[in-house]
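First chain A sits with chain B, and in the next complex the same chain sits with chain C.
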Partner chain A sequence: MKFFHLVWKNVFRKKTRAFLTMGSIILVMVLIVVLVSLLDALAGEAAMGTLGASRIVVQHATGLSNFLPLAYRQKIEQIPAVLGVAPEIWFGGTYIDQRPEHFFGQLSTDPEIWPLINADVAIDPQQLRAWQSERDSFIAGQQLIDRYHWKLGERIHIQGSYILMDLDLVLRGVYKGRDESNIFFNTKYLENSWAGRSSQTGIFFLRVRTADDVPRVTEAINQMFENSDAPVKAMPEKEFNLQFLEMMGNVKLLVRSIAIVVLFTIVLIVANTMAMSARERVGEIAVIRALGFRSGQVLRLVLSEALVLSLLGGLAGVVVAFPFAAFLVEVMKRSPVAPFAYNFRVAPLTVLTAMAISVVIGTLSGFVPAIRSSRISIVNGLRQVV
Partner chain B sequence: MAIPIRYNLRSLLVRKLSTGMTVLGVALVVTVFLLVMSLAEGVRKTFQTSVSPLNLLVMRVGAQSDVQSFVQNEQYQTIRTLPGISRDEQGQPLASPEIVALINIPRKDGKKTNVIVRGVETTAFKLRPAIPIVEGRMYRNGSNEVIVSRRTAKRFAQTAIGDTIRSGSQSWKVVGIFDAQGSPYDSEIWADLHDVQGQTRRNTGYSIVRVRVPDASARDRFIAAVKGNQQIKMDAKSEAQFYEEQMGTAKPIQFLAYFVGILMAIGASFGAMNTMYAQVSARIREIATLRALGFSRRSILFSFMLESFALGLLGGAVGAVLATLVVTFVLTAPTGTQNFNTFAEILFNFRISAGLIFSGMIFSMAIGLFGGFFPAARAARLKIINALREV
Partner chain C sequence: MNQAQIQIDRVSKVYRRDAIEIPVLREITLLVPPGVFRALLGPSGSGKTTLLNLMAGIDKPTSGRILVGDREVSAMGESELARWRAEHVGFIFQLYNLIPVLTAFENVELPLLLTRLSRKERREHVKTALSVVGLADRIDHYPRQLSGGQEQRVAIARAIVADPAILVADEPTGDLDARSADEILDLMRRLSSEYQKTIVMVTHDPRAAATAQRMVHLDKGVLTPATPHEMMDLRGVRS
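So, the complex of A and B:
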């Protein structure tokens, strides 16, 4: 620690070089923070809310594209520890036009039971009552409202593509908290206008008393309909969300491989810089060795230089990552990748990971130059000075 | 007068380590960009393979894919009578009713995803380029047998010959493997139309009707006839247009490639800048000598820019070779991603094209030029007197 001042001075001896190196570390930090947060968003981490652990989703065993009899609801409600069951249908229509930038979740539900199941979501009680009392009304997540500037009382038109009917809905409420990328409307709206499917639903969303009840209840539901015409698959909400990420293919592997190559590249770049500055100071190192510094001390000096540089870069990178991510999300919401933008959030753990990575970068890139510097023989080094 | 290029090349050679590391840095950036883009390229290629402009798809109005579409039997009968359709040897219209169902089955890594089961009649094979069975045999009608595409068999568990694919109440026996030559059908499982209707309990209809037309004028006539028929309320489009609309599948991958590529390219150009700055300060005497010999500031600027450009170009070339090697020898297994229009997985292979390599080279040249500009400007601005004093 005694030599911190020396290390600090050495880091900034060549300002351009220090800032350029930090610049590339900052870029990598931003990249990593954004990539990890994108993976989180895809995995539905942010969409889980605080009650995610005590929610269960029931879908058709063959897959989401198959419908379930609505009559299952009463049977599931009989199972002990089940607090409430809401049917949900993924409407999958198009708003404004068919371009993917206007893609968001349109879900039908039972407005009476919805607030119980989604108790970790904030909604004004008056708005909730208005939504419950009007069959052709809907509520929307705050982020969607921000994106489309909808006002309470505004009417929107959604053209059906998956389900053959159009929606004409009026906005009655805004919800905040988790997964603000959806709109919810009354299932009865579909029942009345969509002949033939009134006795069916896409999935059931249910809440059980505590997280401990989840395994028992999912088991009970799976067994209950095992030999029926429409066997079901009940699973915790987390697993339900994860299956969308799994359907995306090897995204996780892809992002991880990218991150590893990116890290390797940055270590290379920083190591090159460190090596350059160490090479330029051979004479100087010989002088301080002659003054009585041990080779271990020289090693620590050069290594700490790399560490200080990368930590500073890491810190700045994390700070820059926040406004950059916010900007990126805004851009994404107006692009074909809009569906991935809504649940984007930088978690504290991601920030910690990034900082840890910057330490790794510093250590790896400073290692070789530090060892080389510590091995400089005093005589040969001094010869370069004169 | 210009400074000979050999001066720069030899300067690069003298400091092997620093040159090598900078080149490798640029190369890795280009490699990552190319590899991710080769995914998007693979998707594009798949959607463009065995697509015929003379094949038309009749779907429900508003449906974004065959998975979302539904055609009633009566509608199908009407569609067969519309003008413009080619006829086979027996004089029957070349119209293929097809039903697609999604089943959720595990991949070899244990994760589950949706796969399309397509139920077809024999006409379906007449509307497509040859789809040879490469292993096993064709399915028999009415026996719940299926043939599985080669890519699907490679990627999914329990899809080898003799296996039974189970999903919910559905159960299919695999009897053959077919090779759809890299087309979108290479992500599918095929079976007899009536078997699929039976197992999905959708006996009253199909998903789409695919028809063949003899030429462009017949195509326009047929599309107009479908759209004009108020009784069936259907939409018709060419296969080419249909798959063009599915191209959005590649958008998230492209976004990722450009996002990572651009950020890393800036990072790499900072690295190159560092290298070039170090070069300029190490070669101050040389620069001053060159200036004293009569080379102009502009020649110095140009010379250093050229050196940095060469660094970038070298990196780009190494990156392109690396990416091509990786795609050719390592990433040979089919990979897949979700097609958001069908909710099923579309399988494809990584693919490098000349256009991609070109864009990778552009990337690397930009890194070199940007990284070299400021150091070169500093070199050009040096005052001869001050610089010579350093000697």
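So, the complex of A and C:
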């Protein structure tokens, strides 16, 4: 501890260099914290809670672009442990214009079953009843309300593109809690207006009694329609959500690869800083060796400098990561990956991981300069003193 | 070991550069009695600094023995030598060699970090050392805020703070003006006479050498008597 003051003074010997190096560590730490949290969100069930684990999505076996017969609903409802089944269609229309900032989910559903399946979101009972009683009404997530400042009773127009009909809907309710970037409207609105497809749906969204029932029920649904004209693929909600990210490729591998490359780069940057710092001090190190510091003590001093620098950077990085992550979540909530935004949180384990990584950065980057410094010849080193 | 005798017994030092051997010291035998202030004179390349380094335990002889007090310094391992230097040797360099990011206090405290002294005890020792060199009022100054003479006095305070028996000084006045050099030499004389330190000082400067009680001359790695010219210079300085 009595050497800490010496270590501290040496870390900030060249302030600009120290702060620039710390800045690069901070950036890396923010990136690591965000990437690890993102991986957690992708794999995570935390925000989906126990209810999320008991939801199943049924889609056409060949993909989402094919529709399923609505008649499947009654058959699925017969399977033991199924609490409710709601048909849903992704409308995919255009609100205002086609710019990405105006993108949000427009889903048809059964308003009577929807609250049972989505019991983990909050909606005013009166608003729910109003939505259930009016065929041309819709409910919207709080995020969309905040974005468009819609008022209850306000009418919106959505131009169909994927499904060739327009929606003209009145807002009757606002829900909060999970994936607030969607609107839900009554499937019957489509049944009456969408010529030729009134007996079809995009997916079935259902809830089973417990998470333990999920494997058995998915298996039963898959088998039930195996030899039909429209075979299905039933899967847990989490797996369904991950499909969209997997469309972009192996996201986890990509994220991990980026993290490893970034870490390797920062180790090189900090190692370079430490090597420069140690090289500039050959004479000073020779002096303290002459005064009686043993080579092991010199090694520990230089290594401690690297550790202090990277720990300070790591600590600051973690602190900065929190507001950055909050900002990212807000951005994600307004994007197609919104469902994951609700899983996104910086866990204590992630913070500990980041700090452990900063220790690794410090150790790896300081090791070679520390070894070299500890082996400096006192006589040769003293000759370099200016 | 408050006082120490330095005994150099047939010490040779040869540096090797690739396949070439460069003899620097040849069969040197020398005795520095305890509490004596001795100057080492000689031209550049004569081996003065090498001999000083050997006495201080920061280099090892190729052959021969060096005893300081009852310890054979030339037989010690690296770690043992480091501990021995921390306890028994104080260094004074030509260019002061203070750590620029540390204050005068912190520079002087450095050798004490290797001891078991408490923070309070270290503080008292440092203050005493800085008082001895007359810089008690410069305790929080950084080296860049001090003159050359003051920097060298801080370096002397660092050399004496752990109360070593031996002080080795390599051209301690080589980078100073005449007035500052005199102050430093006076200080070293006091350390020898009042505190009975055994001091070995390498110097080119006859005025500096005249401060010492005794003088040794090195030429091409061999001890020789002082030249008549040097003796005349010394007489002139002393008178």
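By definition in this document, the second predicted complex is superposed on the first by the 319 of 386 C-alpha atoms of A that agree within 3 Å, B and C clash if a C-alpha of one lies under 4 Å from a C-alpha of the other, contacts with A are read in each partner's own complex, and residues count from 1 in each chain.
Basically, contacts are C-beta pairs under 8 Å (C-beta built on N, C-alpha and C of every residue); 3 or more make two chains touch, one makes a residue touch a chain.
All values reported here derive from a predicted model rather than from experimental measurement.
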| item | value |
| --- | --- |
| Touching partner for A:291 - first (chain B), second (chain C), both, neither | second |
| Touching partner for A:28 - first (chain B), second (chain C), both, neither | first |
| Which of chain B and chain C A:382 touches, first, second, both or neither | second |
| Broader residue contact with chain A after superposition on the shared chain, chain B or chain C | B |
| Partner chain(s) touched by A:55 [first = chain B, second = chain C, both, neither] | neither |
| First (chain B), second (chain C), both or neither touched by A:207 | neither |
| Contacts of A:3 with chain B and chain C, given as first, second, both or neither | second |
| Which superposed partner A:16 touches (first chain B, second chain C, both, neither) | first |
| Residues of chain A contacting chain B in one complex and chain C in the other | none |
| Complex contact set, residues of chain B against chain A | 17-18, 21-22, 24-25, 28-29, 31-32, 36, 39, 60, 62-64, 67-68, 70, 101-104, 111-114, 167-170, 248, 251-252, 255-256, 259-260, 263-264, 266-268, 270-271, 273-275, 277-278, 282, 335-338, 340, 343, 345 |
| Of all residues in chain A, those that touch chain B in their complex | 14, 16-17, 20-21, 23-24, 27-28, 30-31, 34-35, 60-66, 92, 94, 98, 100, 103, 159-162, 164, 229-231, 243-244, 246-251, 254-255, 258, 261-262, 264-266, 268-269, 271-273, 275-276, 280, 328, 332, 335-337, 339-340 |
| Footprint of chain A on chain C - complex, ascending | 53, 56, 58-59, 78-79, 82-87, 89, 91, 93, 95, 97, 99, 101-102, 106, 110-111, 113-114, 119, 158 |
| Chain C contact footprint on chain A (complex, rising order) | 2-3, 5-6, 9-10, 12-13, 283-284, 287-297, 378-379, 382, 385-386 |
